[in-house]
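Alright, structures below, take your time with them.
In what follows, chain A forms one complex with chain B and a second complex with chain C.
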Partner chain A sequence: MDLSFFVVQLLSGLTMATFLFLIASGLTLIFGVGKVFNFAHGSFFMLGAYAGYQLSSVWGQSFWLSLVAGGIFAGVLGMLAEFLFLRRIYGRADEGGFQILLTYSFILIIDDLVKLVWGTEYKSLAKPAVLQGAFSFSGIVIPRYNVAVILIGLAVVVAAWWFLNRTRAGRIARASALDREMLAVLGVNVPMTMTLVFGIATALAGMTGVLAAPLRSVTPGAGIEVIIDSLIVVVLGGLGNFWGAWLAALLLGEVNSFAVVFVPKWATLFSYLVMALTLLFKPEGLFAPRKVRRV
Partner chain B sequence: MHASAFAQEKVVKIGALYPMSGRAGIYGMDSVAAAEMAIEEINAKGGAAGYKLQLINTDDKSKPDYAVTVAKRYISDDKVNFLFGVVSSAVGLALTEVSKQEKKIFIGTDHAATELTAQNLQPYYFRVANNTFQSMAAGALYLKELAQTKPWKTIAYIGPDYAYGHAQIEELKFNLDRFGVKYQMVGEFWPKLFEADYTSYITSIMQAKPDIVVSGFWGGDTVAFIKQAAPYGLFEKSLYFHPDAGGNYELLSAMGDSLPLGLVLSARHHNNWPDTAMNKDYVAKFHKKTGRYPTYSAEGAYVGVYAIAEAVKKVGNPNDSDALVKALEGMKFQEPEDPEGFVSYIDPASHQMVQVQAIGVTMPNTDYPPATRMLGNWKIYKAEDLLPPKEWIEKKK
Partner chain C sequence: MGGKSLSNTTLVLLIGLAVFALVPVLKTTNYQMLLAAHVLVWGLFAVSFNMLFGVTGMLSFGQALYYGMGAYSVGLCVKYLGAAWFFPGMLLGIVLAALFAWLLGHLIIRVSGVFFTMLTLAFGQLGWQVMFKWYSFTGGDDGVQNIIPPGIFANKVVYYYLLLALVGASLWFMGRLNASPMGLILRCVRQNPERVRFLGRRVRRNQQRIYMISSLFTALAGGLMSGVDYSIHTDMFYWTTSGHVILMSILGGIGQFFGPFLGAAVIIVIEDVVGAFTEYWSLIIGLVMLGMVLGLPHGLMGGIDRLKARFAGSGARPARDGRS
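Take a look at the complex of A and B:
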């Protein structure tokens, strides 16, 4: 393998990893903070994509505006879903089962709503003009859009680091992951924190939906398809570990990218293989979050 | 209760199973719309042998187990006369078993797995749309002709990693050998069905530098692959060749201007080919009914209903399955996809509709909005050349 091909393949893996991370980060955030597994996370990704389609392809707004608005749209709906439904089942003994049933029913409802509003035909979003075409130098070709995706992914990582480590809200979010009761005793509005975290996470999913739309097909059912891959990332990264999810996404993106080169017939197997091996030898995930010891 | 409520109207009950959700939902929706269109037309003319046609449909969710349960309920409770439909080949293969056990005729309108009309054929199954073997035989003939004007040597294949994808490349290879075409495979790539990200596959294919990229995707996977591959320049370096489902209208309409020109594609029905009164009429009527142009699957359902009506007319009632089988075997009828001078017919030996195949090239055309590209520059392949030969079927058994 010559160097330029190696670089091209590395960057392909990075593009894939960025999408994996952008979708999975919200999922792991919700799990980390609220111990909720939101099966419908992919549906908020899909809702973002449809909102982007409506704004950009139907109403002729700019792609960048659609990107922001798609995020806000999914975020607001996410907060509504949390406020109206999910918060009613926190703390119940059989919470896990309820969470799965409730968030799974969200998937079906959102799919049907999307079909009612937008139909079942495949929808499409155009890339912004400035991101069409590719950069090309000494045998390395990489589409401009992919570069933008990678950069936006990095920006989200940096912004998330700043939010979680340098802001009061971020500290509260991290603290509520560790001990909700103590936080409530200290006078923090924990339910409000949960709603906000849910909103941020689903906004991230919605924005990613818009970002992915020019590269994928916008279609009902898209939500279920991304949730499996995100689940692998989240489990591999250690449930609820934001940075773990980032590293796991990078690992999976690159493993997949080079598996396609060396063992094309078995390429799709590898991400599952990595997960199976991880669960076997490190069942808490590669980067499990710290546990609080109660005394 | 009023006495007339007891008056029994004679009906032919058609028990359809189409996906109405998920990725294949669009094919189910269009199939049901087209089947209803055919039923309205037939009933308006008095039905078939005094019977009115009636369609019931259940979302099969593209799941074989679930579809089998529904089909059995159709037969025991709803007393359907025919099983009908199915987009997924996996569901088709499951339902053909029910059809065989219960001796209920199953009219296949969409699913393309060749084995249904080859090694897995049972007397009560008929398919009114073409199978992948026919598409791939036409594809092989196209590549053979192409070699004379634009010499090519190497092929890479990419398709979804399940029965449909694997069958296509195997059938293409068989037909290339059968027609004496020399080629070299430089790569086979198997992303999972509904893979969202093809970037690594695309860069890897480009490294293999094939003259021809043969694609076996369908639906949204094609959209995603083409969108992701275009900026890499794949379509300038290799010829994109996608002869079974690449020319599907939902793909042309979803991609608009972002669909590159010069791709070689086909589908099981084309809105702009053949240029016959019947096809134009069919497309216009569908558009009037639904507000959109039909995807390929609609025509299979439309034709399937007509096949049932013809068979009932011949036999005189919808209950004698064995007589209906005889009526369907060898049945000839004009379809929207038949070019001038050709009439499709059901091959009595395989129960497979024998059809002409057209392969075209993407070019600008705004007659079927929102699509801005349609296929043109057609190459047409004779129906009889495309059926699986006996030795192929025997080898599979």
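Take a look at the complex of A and C:
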């Protein structure tokens, strides 16, 4: 294996890791703050991708506008879903099970609505003109778009860190993960915080959908593919652990990227294998903040 | 759930069997009989699933693994060894599923809640990927066709009665189990595992057992299905199959033994009716699901009970499933 090939695979793995992380970080954020498991997170990713396709490919708007609008679209729908439906089951006995069931019904509904509006055929979205083509260093060819995706991912990581650690809203979000009642006593509107966090997370998923669309085409099944991959990342990272999710996404992205080269037919198995092995030997995830309650 | 006497469950079972036994006798079309057969198979699948979720509180998102295992054991045996291997294949599927569930259960029952659900999902999808990609052996997404049961069982009516007998026997067995001390322990585990452990019962051992029993009957359902449809396909392993059976259970009501069976019947009829005029039946299922989780978490059976209680006045209390 020569160097240029290695570098290209490494970067392609990094690109995939960025997508995974951007989706999983939202999932992790919601879980960390509200102990809510959003099984439909991949569907918001897909909604963003379709919104981006509509704006960019059908209405001819710029890619960057589509990126922002796709995020807002998914974010608003996410807030509505939380406000209208999820909020009603908080605190119910066996909440975890009901969350999965409720968000599973979102998946079914969103999937069919997308088919109704946009049909079942594959849609494509063009890269912005600036990011077409590739950089070339002494024989190593690196697509510009991939570099941009990785940089955007890094920017989001930094922004998220800044938000969670340096802003009042971020501190409230982190505090509500620890003690909701105390927060409510201190006069914080905890339910509204949760709705907002949900909106931020789904907006992030929607934006990622637009960002990923030029590389992986837009299909009605995208939500399901994406959710399983990002679930693996979240579980691997230790539920609710932001940095764990980042490392797990990196691990899975690279494992996948190299597996595709060496065992193309069985490459898709590796994510599951990594997850299965991790959970067998370290059920709380590779980078878990604390122990899972065992029964 | 446990409050009702065993004879009550047996009575419902006998009435149900009698009704289903009449299906081929009445002037029904082949299609209607096929529909009834689908209800029986999915009903068995749903009740087996509910032994996990409804009774024990273990939400598995990977039961399709065992359903597919049962179906593919029959299908592949017939494909490679001939029609005579139909029933040995079914037995093989059940044994394999039980063995696999025992081993896997040993490992995954250590975790609980969302982790358990995700782990079952991951293993289920692992199974699907293997069957999907191993084209030379399983036929990939083409599946296997022309799986015709041997001898007199090639006759659809005869096969239907065999199906009815096996489903009836399985439901009876699970009903007995549900009413047994083990069933009681499992319901206690759902409510308070710590206390069960203090009482000197092995929590994990019991969970592992019920995971194996549930998976075994799920494999039987899969094996039976291959003889109903005469074909198998990798979708049987796909996670949406697991999702489907969850929806059925929730709709019918996970708090009662026959709830999931009712849910299976309703969903199959909805699919059939809605499928006739729109391909967007999963939208309808999703909306129904949403309404059920929010408004009627005890399912149709729970709703019926509540109505009964209202008419009976304060004398009869609605069946509780430990959630309320």
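The definition used in the following text is that the second predicted complex is superposed on the first by the 282 of 295 C-alpha atoms of A that agree within 3 Å, B and C clash if a C-alpha of one lies under 4 Å from a C-alpha of the other, contacts with A are read in each partner's own complex, and residues count from 1 in each chain.
Assume contacts are C-beta pairs under 8 Å (C-beta built on N, C-alpha and C of every residue); 3 or more make two chains touch, one makes a residue touch a chain.
All of these numbers come straight from a predicted model, not from anything done at the bench.
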Clash or fit, chain B versus chain C on superposed chain A = clash
Touching partner for A:235 - first (chain B), second (chain C), both, neither = second
Applying the touch criterion given at the start, work out whether A:88 contacts chain B, chain C, both or neither, answering first, second, both or neither.
-> second
Figure out whether A:132 sits in contact with chain B (first) or chain C (second), or with both, or with neither.
-> first
Can A:198 be said to touch chain B (first), chain C (second), both, or neither?
-> neither
Which partner does A:214 reach: the first (chain B), the second (chain C), both, or neither?
-> first
Does the superposition put A:19 against chain B (first), chain C (second), both, or neither?
-> first
Give one of first, second, both or neither to describe whether A:109 is in contact with chain B, with chain C, with both, or with none.
-> second
Could you say whether A:268 touches chain B, chain C, both of them, or neither, answering first, second, both or neither?
-> both
Tell me which partner A:283 touches in the superposition: chain B (first), chain C (second), both or neither.
-> second
Overlapping contact positions on chain A, where the chain C interface meets the chain B interface = 111-112, 115, 224, 265, 268
Flag every residue of chain A that touches chain B in the complex, lowest number first.
-> 5, 8-9, 12-13, 15-16, 19, 111-112, 115, 119-124, 126, 132-134, 141, 143-146, 212, 214-217, 219-222, 224-226, 229, 256-257, 260-261, 264-265, 267-268
In their shared complex, at which residues does chain C touch chain A?
-> 53, 57, 59, 61, 107-108, 110-115, 117-119, 121-123, 125-126, 129-130, 133, 189, 193, 203-204, 239-240, 243, 246-247, 250, 280, 282-283, 285-287, 289-290, 293-294, 297, 322-324
Sort out for me which residues of chain A touch chain C in the complex.
-> 37, 85, 88-89, 92-94, 96-98, 100-102, 104-109, 111-113, 115-116, 224, 228, 231-232, 235, 239, 265-266, 268-269, 272-273, 275-276, 279-280, 283, 292-295
In their complex, what parts of chain B are in touch with chain A?
-> 21-23, 25-26, 29, 161, 187-192, 194-197, 199-204, 206-207, 219-221, 223-224, 227-228, 231-233, 250-251, 253-258, 292
